[in-house]
């Protein structure tokens, strides 16, 4: 490749990259800037090189709201959705892919049909249902509806269908039952799909906003994405504090992302295989 | 140890393919039975029905005289070696061998003892800590055998266990399997599409085609006295030559390959009196390639189509030249020894041994 | 033996099937049913069957029609822009150059940001007055000709501002999928094309695009559906304003069902949303199957 061409590619990547990263840098540097009169009202470019670095904003966040509580809520809710979801959906995917049972094909078609219904299309009646049950303002109302996931089932199904059948038949002949075959033979050889589904579920649920907004009113069970929105509307408007909140909120997932980037990419790409 | 019986077994898959039709087959205790046939003939299905991997549509499968149609695989006390070995990739060789024993809930000591015995038997002792992907094809094959043998099953099933190996290894392991089976005396059903494997391994061979059993018997029996033209041409490499034959009562001769060779009718009828009823009716004759020779009579002038030298012998493909024009001539093949003299396109004389002729009616069934 | 395995299969798939039934299928049919009534939460009025009257009402409601138009506009602008941007980025990244993985990380990073956080950060970027970051940036690139605006309170600029925010957050997602699509194109195709004398540009049109077609269709489908599900940014950045300039179907539905307790009205709106999603999927299928017939 010619140097000129390489140079042009780097130049365009650098320019676009700068545009992409600026809001993030802006947020981080804003979170480290001590509150100053002007900046408190409106953040300008000054924020990027304003004098001094301080952790005041972070201290403020902890003083003003129960950040750790929100963090726990988010981690607990997402952990349950991802963990229990992996178990439930992988088993269903396996039953559809490998076991012969009455009604399987019809049920699988229904699962595929359900794939197309977005949460938004059912949010209102679901909200009505959980209100009737008196489930509002609980962890469960934020967890249970998202455990069974048609798309996860579909991803597991396609992976299991592609695994060599003989391995399971060997296990059956060796004397393993359905469940034991699943967790002794299938699961250890299906790590990629478990990782992909875990990442995809986590990615879509970590930012959940609409549903928690509808079903929670108190602070006790609210997750981070909702917390930052309420924190943002909580007077006095302190941008430094809001950014500090944001940085802390995104750090866990950013660390996960940087550590397991290939899995994130693979997870996202898996979602595209459907096309 | 155990005997196995298929009793009027039919198998129709859910997509309506008929894999087996009324299969009746008995395997004796300690016997090595080879199921052979082209792909799709139903041989693997027969094995899977016995293993309990697929349900039987009609009939009964019996192990030791007891029907097992309704028992799950793990209760049938069978073991199976798969074509692609189906080793558990995430387990070491030791764990692979131990897995069936774990399922039997044997004590740790008992498990270790049996794993080590089996590993020693198969020369796997050095490889116990390796994973399948660190093994060669031949080693994988041995581990698969070991996993099947380790729990001392009543019946041993092998589904094309050698087909993923290269030619040399295949011959070596073939011999090992034969020796092992004799030593352990386990009733074994062995599925293959390779007739050489069938001939060398089987105490008896069952030839299947299109879901139907064609013939069962000792290898030499099937080779010499095939029940039909399918068995005749399937066994042997190349298979039996099949050509037209006519018992000409007027001229008192037997016309072979549309007049290519002629033999006296009298001597044939003396040997096979039951052939009288086929006088002057179209028939088929079969002859093994090695029953042709340049040294014997009756002989005929033939044209060489191709010569395949194999070192110690040669295969000569030819068409009889004296035949009546216009008749559909088949290329025949002779297995000849000695130095090659034939050249493509030239003619030479070749004779046949009339005592080794087989005759089939026009449905392809043998005339006994 | 078959019965036992059948039972086992039913048992292990039961939790998932139960969840999908209770939390997707039932609410879905409930949405359809509720849409024909006048149900209000905590209302003393008796439940009435309205039939299509409810739909007539929402479709003649100026805020709701505005919301539909806004979603459509959003889709019409964001889908092509974001796809072209993502494709360009994917093409740039599909080169064997040192350090290219770093750029992929940067472009993909916004995807892991929760939308609500993104919205809050961008509110500040759009801050009014000459010190606002976006205003300052536009002044810089227009050599001082830009008059500072209050983006999120400007009826003309509020929706485009949300669009830009969404593109920033979402482009990386598409880029990664398209990049995988690019990398799965066999290099032999390019070699064959260059032997046939096709230049870079022709290779792009005759090899890359056709090979990428299914991936592109998928990416466009997902982004279009996302465009109609738009909610988080609107709720945080503009609350549908100013004067419905940024309201969306979902925003209206939540307003109706949640703020005003008109559950039936909200349900009817989400049914409309579902029909749009269905239509988009159907269109995508048709386009994809045409491709199959052609090839």
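Some observations on this one:
By written order: A, B and C. Residues from 1 in each chain.
One rule holds for everything that comes next: a residue touches a chain if its C-beta (ideal position, glycine included) is under 8 Å from a C-beta of that chain, and two chains touch if they have at least 3 such contacts.
Since we're looking at a predicted model, the values are computed, not measured.
Seen from the Cα centre of chain A, the chain whose own Cα centre is farthest off is B. Put simply, the chain closest to the centre of the protein, by Cα centroids, is A.
Chain C has its Cα centroid 16 Å from the Cα centroid of chain A. Separating the centre of chain B from that of chain C, both taken as means of CA atoms, is a distance of 62 Å. Here the spacing of chain A and chain B, counted between their Cα centres, is 58 Å. In chain B, the residues touching two or more other chains are 52, 72. Multi-chain contact residues of chain C (touching two or more other chains): 2, 5. The set of chain A residues touching two or more other chains comprises 177. Listing the residues of chain C that touch chain A in their complex gives 2, 5-6, 8-10, 12-13, 15-20, 23-28, 30-31, 34, 39, 41, 89, 92-93, 95-97, 100, 103-125, 127-129, 131-133, 136-137, 168, 173, 176-177, 180-181, 214-215, 217-219, 221, 225, 229, 231-232, 235-236, 250, 253-254, 257-258, 263, 266-267, 269-271, 273-274, 277-278, 281, 288. By the touch criterion given at the top, residues 164, 166-167, 169-177, 180, 184-185, 188-189 of chain A touch chain B in their complex. For chain B in complex with chain A, the touching residues are 51-53, 72-74, 78-80, 82-84, 86-90, 99-100, 103-104, 147. Contact residues on chain A toward chain C in their complex (touch as defined above): 1, 6, 9-10, 12-13, 16-17, 20-21, 23-24, 26-27, 30, 38, 41-47, 88-89, 91-92, 94-96, 99-102, 104, 107, 110-111, 114, 116-118, 120-129, 131, 144-148, 150, 153, 177-179, 182, 203, 206-207, 209-210, 213-214, 224-226, 228-229, 232, 239, 242-243, 246, 249-250, 253-254, 257-258, 261, 264-265, 268-269, 271-272, 274-275.
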